[in-house]
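Shared between the two complexes below is chain A, which pairs with chain B and chain C, respectively.
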Partner chain A sequence: MSGTLPDAGGPVISVQHLSVKARARAILDDINLDFGRSSLTAVIGPSGCGKTTFVRTLNRMAELTPGLTVEGSVLYLGQNIYDTQVNPVMVRRRIGMVFQRPTVFPTSVFENAAFGLRLIHEDEDTIDKRVTEGLQQAGLWEEVKDDLDRAALSLSGGQQQRLCIARALSVQPKVILLDEPCSALDPAATQRVEATMEFLKQNYVLILVTHNVGQAARVSDRIAVLSSGRLIEVGATADVLERPQQAFTEQFITGRFT
Partner chain B sequence: MLRQLGPFIVASVPIIILLLIVLVLIFATGFANLGSSFWGSDWNPPKAWGIAVFVVGSFVTAIPALFLAMAIGLGLAIASTVYLPRWATRILDPFVDLLAGIPSVVYGIWGYLLVAPYFGKVLNPWVYAHFSFIPGFGGRAPISDGLGLPISIFLLTLMALPITTLLIRDSLRSLPRELWESGLGMGATRWEATRRIAIPYGSRGILSAGFLGFGRAFGETVAVAMVLNVMAAYPVNFYSATGTMASQMFLNLDAAFGSSSWLAALSYMALVLLAISLAVNLIGRRLVARVVSYEVAGL
Partner chain C sequence: MANALGGAKETLGEELLYDRSARTRWRLGFDKWIGRLLPLLFIVAILPILDLVYYVASNALPTLTWTILTSTNPYAPDALGVPIISTAEMMTAATLVAVVLGLFGGVATAEFLSDRTAAIVRTSANMLVGTPSVVLGYMGYFLFCVRFGWGLTFIAGAFTLAFFMTPYIFRIADLAFTSIPRHIREAALGSGARPYQYVVRVGAPIAFPQILNGVFLAMAIGVGETAPIVLTTTASKVLPTGAFSPVSFLTATIWENFSQPSGSPEIALAFQAALLVVIVVVGLNVIVRIISARYQRRLEGLFQ
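Our next item is the complex of A and B:
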């Protein structure tokens, strides 16, 4: 099954016949899915359906887990990131990722946001500019601008998560993967992060893993449903939620399956 | 009130032990007055009891050994946690732990019989021939038995290495997996993620490794007594002999039984050694807490 949003310039990411195995066990089975420009796709499904593994294949993080083998291809702007001559480090600099729990580094707010820029040895002026932009886009700037040197770990959980988003944004990626970014946050902080995502989807390809159907309904343009490693259904958010084509989808979104 | 008595007693055990040690040492001195020469450089019992040579000697052997043990320990710990495949880690880690269990007298015998001749015949002459232009590496030629500072520092490095490696390794391993992955997710190489995330995150443990390693090297007795060629003189260059507080006390135990001045001198020296070790540890802890709490705990 494949889902493509009509979009000028073709997909940013095109997943083709992607399968992942942990030794003999299939975790993902023949996934085909395109991601166009400027949109937010929510990948939903019950625990263990492979949705986290799926996004981790999109920036070659999956291979950090021992024993996982990835087959098929993931084209990023037409280039297969699994080609042997592609350096995974370079892939990860283009495709940002935000994790379930905030993963700020033990340093200042500024240095956290500047982390990726330091890796590519940007000059100080560029770093200043991009850090500011990243924090603004992540909706954190007003809260931290007076003291960028404070320890990042002194921020609240929600602020830390938005700092992680700013950190991913500062290197100007086209794609940002969000792996259940609100699962460790309280409702108010979740709301702030969701607002940030809604703002960002105007300019970035966002791929959001969530087990929270309500969140998918609030922020996504499109929903992909995974079950036991298979892509069950994909379509515009309203269509999938109101007129699910598959019995599994209906069961999942109405909470009969968790 | 009574409810807290039990915990209070248990919590006081280490303090009581420490107090007992200090008190016994103080009584052993008999409050003898060894004169103002005690802090001087002239060690010529029973006329002069200057311990400065040994204080300097303890630092001169322990500090280089500490730096080497920290550098090598950091390298081994990073290799073990980041780079080596699992089968190699499974060989490396237990052997590092095993090194910690080797009695220091075994290091001493090994050093004296097998390593010192190599230092004397090969290593020291080679360094002397090629690096004598560096201050401290020229001057008086090394003696051929190989005893002296280099082998002492070498053995102390080996002895401090397990504790530094072990503690640094544990600090690096304490890094949450998500933090490591999000560094890599930003496009950091493993080395960049180690340098920019794992080491700062583990800095408290790494600094503690330094202070514990210092304690190990600073107080080491038997092995140093065997290979340092202990004498009451400041080192004149890299190859020469000197004395440390611990080795000097050890080698003169006999004298302490026959003379109250000797007993007093060695007890005072023990108190100085203890005071320096404790001070380094306490200052170290303070420093570690101050430096690290801001970055890691966000306090």
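Our next item is the complex of A and C:
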């Protein structure tokens, strides 16, 4: 699946001079950031700092919001996904996404996990295999394996969110964007999803948006801090949390940001 | 009497009671009586409808026979077999055309058109819904019978009826797709669905029950229409033989026979046709209710 890479050691995603405007208002301002393989980067910042918009630019979901214009480039394995030659549908098949609220479709557990595979008309054997793998990797398999035909909407919120992760995994993307995946979940469900993320970061590039500093501390290798659309600071999780270089970062992580 | 807070006065908590002023008493009484009055008002509203059904039924039933309902013999004029079958055929043709136009229009407006174009299309559909059926009937006559040269025929009537039904189906199809939660749409597109794959695989199953409701409602409205039919078709004593043949319709049968002297078999036939139309319209509305109830159970949790 992976193919040959032009620069095997280089970043999977490289964001270069990325700016986003909503009409005249700047939402993101000249962001430069690389994401290497097998890593989990947490993007943190206060509400309205542009972190959700930032991850949505990484798989061209941002353009589904009317009025947003994106400038600069996002290189995926060296290919700028904003080239006019690039099909956004294909970008989204390689760079998966999990949303704030569980977004299961009103069908069975199996069909939800198989959704992305049905889109590309995989054969039944492959679908069976990948759905099983996806559910196992998402940490949901043990809970649903006896009844894959049950309605996905009958699952609990945490199970639904892990099903959404399984749905993203089943098409074997390289990158998974997680936009505050635990914000609608209770602590127990959050713990399960965090365990899933820790397991997945061994094999995938995970980019996690969260406003929860504790969560970033628990699961991430690296933290990027956004404020008012600017990248304030980026570094290894321990460094950023223990020795923040910027006053804003310190205020934010200690909860003194107002 | 001791109370839980010890030393406090025994009147503690009295501030929670309603005061006894005339205004408060009046307000409480008003709430109570309004609650009893509303069901009564419902009965007042439904009485004219029940009276109408009773009036139609009492004029239709005494002389109604199985032969009247089923006979298609053109030489026995006092029968409804031909109008019943012709109505079914006309409604089938009109519904097919209206579903194709309304469904494609609704989906295109909800999912593919720009906001500005969609607004223009929606306004046009609303204007069509608000247009009196006589005007639409005349437009159908002018367009299909005269301009297209189809004459007063089955196909002209079916298309005019379809144009009458299309905006209802269009509006419900548009609404069904636009009311799908945005996060469901984004989840599908974010999983790499092409827009049409989202429409077919995710949107359609969610919107289907609502659209089916729209189709039945449009049929209930269409089957009760008279003007678009009598302006675009010629009445016939026999079943239609093709697209360009004359055709009868239940409401047109009422229209033709109701001007006859009271007590005549023609008047009874008009009432019998009217009773059938009422039964079909009520039946279609009951189907809509049943689908709605099932739909709500199936999608519980999706529209939170």
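The working rule: the second predicted complex is superposed on the first by the 249 of 258 C-alpha atoms of A that agree within 3 Å, B and C clash if a C-alpha of one lies under 4 Å from a C-alpha of the other, contacts with A are read in each partner's own complex, and residues count from 1 in each chain.
Basically, a contact is a pair of C-beta atoms (placed from the backbone, for glycine too) under 8 Å apart; a residue touches a chain by one contact, two chains touch by 3 or more.
As the structure is a prediction and not an experimental result, all values here were calculated from the model.
Look at A:G96: by the touch rule set out above, it reaches both chain B and chain C. Of the two partner chains placed by superposition, A:A24 touches none, neither chain B nor chain C. Once chain A of one complex is fitted onto chain A of the other, the partner contacts of A:A188 are absent, as it touches neither chain B nor chain C. After overlaying the two complexes on the shared chain, residue contacts for A:L119 are found with chain B and with chain C alike. Judged by the document's definition of touching, chain A residues 59, 61, 64, 89-90, 92-93, 96-97, 99-101, 103, 105-107, 115-116, 118-120, 153-154, 164, 167-168, 171 lie at the interface with chain B and also at the interface with chain C. Contact residues of chain A toward chain B in the complex are 59, 61, 64, 89-94, 96-97, 99-101, 103, 105-107, 115-116, 118-120, 150-155, 164, 167-168, 171. Chain B meets chain A in the complex at residues 176, 178-179, 181-189, 192, 196-197, 200-201, 203, 294-299.
Within the complex formed with chain C, the residues of chain A that make contact are 59, 61, 64, 66, 89-90, 92-93, 96-97, 99-101, 103, 105-107, 115-116, 118-120, 153-154, 164, 167-168, 171. Residue ranges on chain C touching chain A, taken from their complex, read 115, 183-184, 186-194, 197, 201-202, 205-206, 298-302.
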